[in-house]
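Given below, in the form of structure tokens, are the structures.
In what follows, chain A forms one complex with chain B and a second complex with chain C.
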Partner chain A sequence: MTDREIIETINKAMQDEFELSPGAMRPEAQLTTDLGLDSLDFVDMVIVLQNAFHMKIRDEKAIREIRTLGDIHQFVLNKHRELAAKSDQTTTDNRGPTT
Partner chain B sequence: MNLTVYPLLALLTLLGIVLFPLGFLLWRLLTAWSARRITRHFVWLYGQGWRWIVSPFVHFRLEGLEKASLRQPCIMVVNHLSYFDTYCMAALPFHNAAFAVRSWPFKMIWYSAFMHLARYLNVEGTDWSVVAEQASRELADGGCLVFFPEGHRSRDGKMRRFHSGAFKLAIDTGVPLVPLCVAGTDVLLPPGSFRLHPARVHLRALPAIDPRQFPEMLGHLHMRKTVREMMARNVAEMTAANV
Partner chain C sequence: MTLRRVVVTGLGVVSPIGRGMPALMDGLVAGKSGVVNAPALSVIKDIRSRVAALAPDLDGREIPRHFRRSMSKMSIYATLACQEALLQAGLTAEHCAGGRLGVVIGSTIQSTDAIEGFFRDYLTTHAIEQMRSTLFFQIMNHSCAANVAQTLGITGRTVAPAAACATGGQTVGFGYEWIASGKQDMMLCGGADEFHPLATAVFDVVNAASTRYNDRPTMTPRPFDRQRDGVVCGEGGGIVVLEALDSARARGVPVLAELLGFATVSTPDSISNPSAGSMEECMRLALEEAKLRPEQVDYVNAHATATELGDIAESAAIHRVFGHSVPVSSLKGHLGHTMAASGAIELAATIAMLNGGRLIPTLNLDEVEPQCAPLRLPRQVESVSLRTAVKNCFAFGGINSTLVIRRDTRD
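Right, the complex of A and B next:
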């Protein structure tokens, strides 16, 4: 998945689940003041992102620091890169030492 | 209309505040009701007084609000068009309803005591887990909760996005949810204005929705979307019929 596809997936999932208008989906949009999300929506948002990207999101510092839609984009992009790097590492490890 | 309704409403409010302590003691002696139930009863009576004051200028049409069709416990979700929407809740056939409201009425001097005595839910100033616990107790006691899931009045007549609280509570407790559609209160008192206008106010309670219809993970989001669409359709139809 490219970065652009990831951002589009996030925006679509957020729009669908939280009934947000496409025009409001700006990276600088504050989740609470601009998009009107509340504390319950934040909990749901984690599940929505987990389902959209088939990944586990734990209660980590980075998720608690999310304030804007752009922060979500960045969080998922980082997570995606992290998982890709781990997957590459596992593949290399499984191949074993080359002779 | 304005010269009649506002002075009478001010008088009703003043009389209500002054006579409430006496009425409260009297009700306490004559009934075995709790303090919250007595307060809710007086708030409901105050709403009846408001309906009587505006009745020469406002035609009320009520649908589905008969005692037999509204079973308690239930969670009601109401669309929000005007300051007077809460007053319209006097049209409910029961008085033992706890309003889930934002924090500002709890801070207003003339409302605060009543808000606390009636044990209304402060959904803005309290952690959700505390609200959910208090709400679950209300429902277990057979009461009814009233939510305005848009959070704010609609400024343009379009229904705003819904917050999840009422729907999550319905899913978690298994208590039926009743959508209550309101039309015409924005004509009576438009948002951002103090000028009253004669209006036709239409309240329509839709059939109760069993939360077990939404068993999936994040079922409350699905329920929220379904109910919002259903209410938006009904409010549009009621508004068109009112014109």
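Right, the complex of A and C next:
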């Protein structure tokens, strides 16, 4: 997935789950004050993101630092890169000796 | 202690024949049936009944997501019915927040849909990864009452009694007692339920669900009819605003009826079978509290669900108390059995009948069951002045309840 596709996936998942208008999906939008989310919504937001990207994030410390929609974008992008790097490493490790 | 007089100042419904009191009464007068063939029932192996009385398709988006997220369908029905009833009663957000207005709303069980959704995942994964934060709020036993209180900003007492099909009758009765004793000035009373195929299955397995009219759904249920074959499960929400008479007078709002008496009794004879003796006792106790003689009652709105035993037992009980001259009808023929909502929906319709001067007959009653005691069962809409009425609600669990109402407050 490209960064743009990741951001679009996040925005669509958030819009569908929390009935948000496309116009509200600005990176600087505060999740609580601008988008109206509360602590219960944060729990469901994690489930929505896990389902959208097939990754476990519930226990990630960085989740607790998320305040804006842009923070979610950045968190998922970082997580995506981290997983991609691990995957590359695993592929290299499994390649084995060539001679 | 001097008991305060209690009146009705607002009504609200979501029923299988429409949302709102005007749709309900127009449908009842027109002889409309809310029963349809329900495809959802075909997924259950071996079930024989394929009919249900479904509420109109409401997505509830007029309720803000913040409140709606913790609601299953039954809470949406209850909330919309409450909003209609509050509007008619002229009660505002200020009244809701004042501590003198409470909520007493129950359901038969919690949302089976919500539970099924959770277990569909859990029984496969044995993990809680997919458990939404709001699941519990949809399945807790006081879900309807709590969701209504949250949405409407109600700070008075919030209570959720459950007595299956007698829930709607009991909630109105309890609200009446709390206002009469001065604990609250106003109460939103009623019940709500949502259809799930397993509700029909429950009646099907005990041979109490309608099975012979799957291809002619509007011809069932058939209360008091010789060809009746059981219950048609339904859904909806019914709400009655009860208020102290002095409060209603001080606010200058119209009184729709006075609640004169309430009784609820149980019969330990059987958890499933009706008891004519207990039904009779319940009606006599309610009349005694209302200080009315049976001949002073103009109409009985029966519980009659079209089961083989229940209609016969209720007819016997009504006959013993009232004889054969008082008109009796059941609205289950139009509405199916809306379970916990039925008592309040049918009470609301009865109050509208008193105020409108029109008696609604039993839909699908063509030939009276010969084993029923002789009752006056009207066959068509009658334009008639009705002042007092009795509403019966009987339930699995051996629970019976009766309410007595009068159109006006003249002694």
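Heads up, the rule we're going with is that the second predicted complex is superposed on the first by the 95 of 99 C-alpha atoms of A that agree within 3 Å, B and C clash if a C-alpha of one lies under 4 Å from a C-alpha of the other, contacts with A are read in each partner's own complex, and residues count from 1 in each chain.
One rule holds in what follows: contacts are C-beta pairs under 8 Å (C-beta built on N, C-alpha and C of every residue); 3 or more make two chains touch, one makes a residue touch a chain.
Everything quoted here is computed from the prediction, not taken from an experiment.
Visitor: Looking at A:Asp34, would you say it contacts chain B, chain C, both, or neither? Reply first, second, both or neither.
Guide: In the superposed model, A:Asp34 contacts neither chain B nor chain C.
Visitor: Touching A:Asp71, do we find chain B (first), chain C (second), both, or neither?
Guide: neither
Visitor: For chain A, which residues lie in the overlap of the chain B contacts and the chain C contacts?
Guide: 18-19, 36, 38, 40-41, 44, 47, 51
Visitor: Can you list the residues on chain C that touch chain A in the complex?
Guide: 65-66, 69, 129-130, 132-134
Visitor: Which stretch or stretches of chain A touch chain C in the complex?
Guide: Those residues of chain A that touch chain C are 18-19, 36, 38, 40-41, 43-44, 47, 50-51, 56, 58.
Visitor: Inside the complex, what are the residues of chain A that reach chain B?
Guide: Its residues touching chain B are 17-20, 36, 38-41, 44, 47-48, 51.
Visitor: In the complex formed with chain A, which residues of chain B make contact?
Guide: For chain B paired with chain A, touching residues are 127-128, 151, 160-165, 168, 217-218, 220-221, 225, 228.
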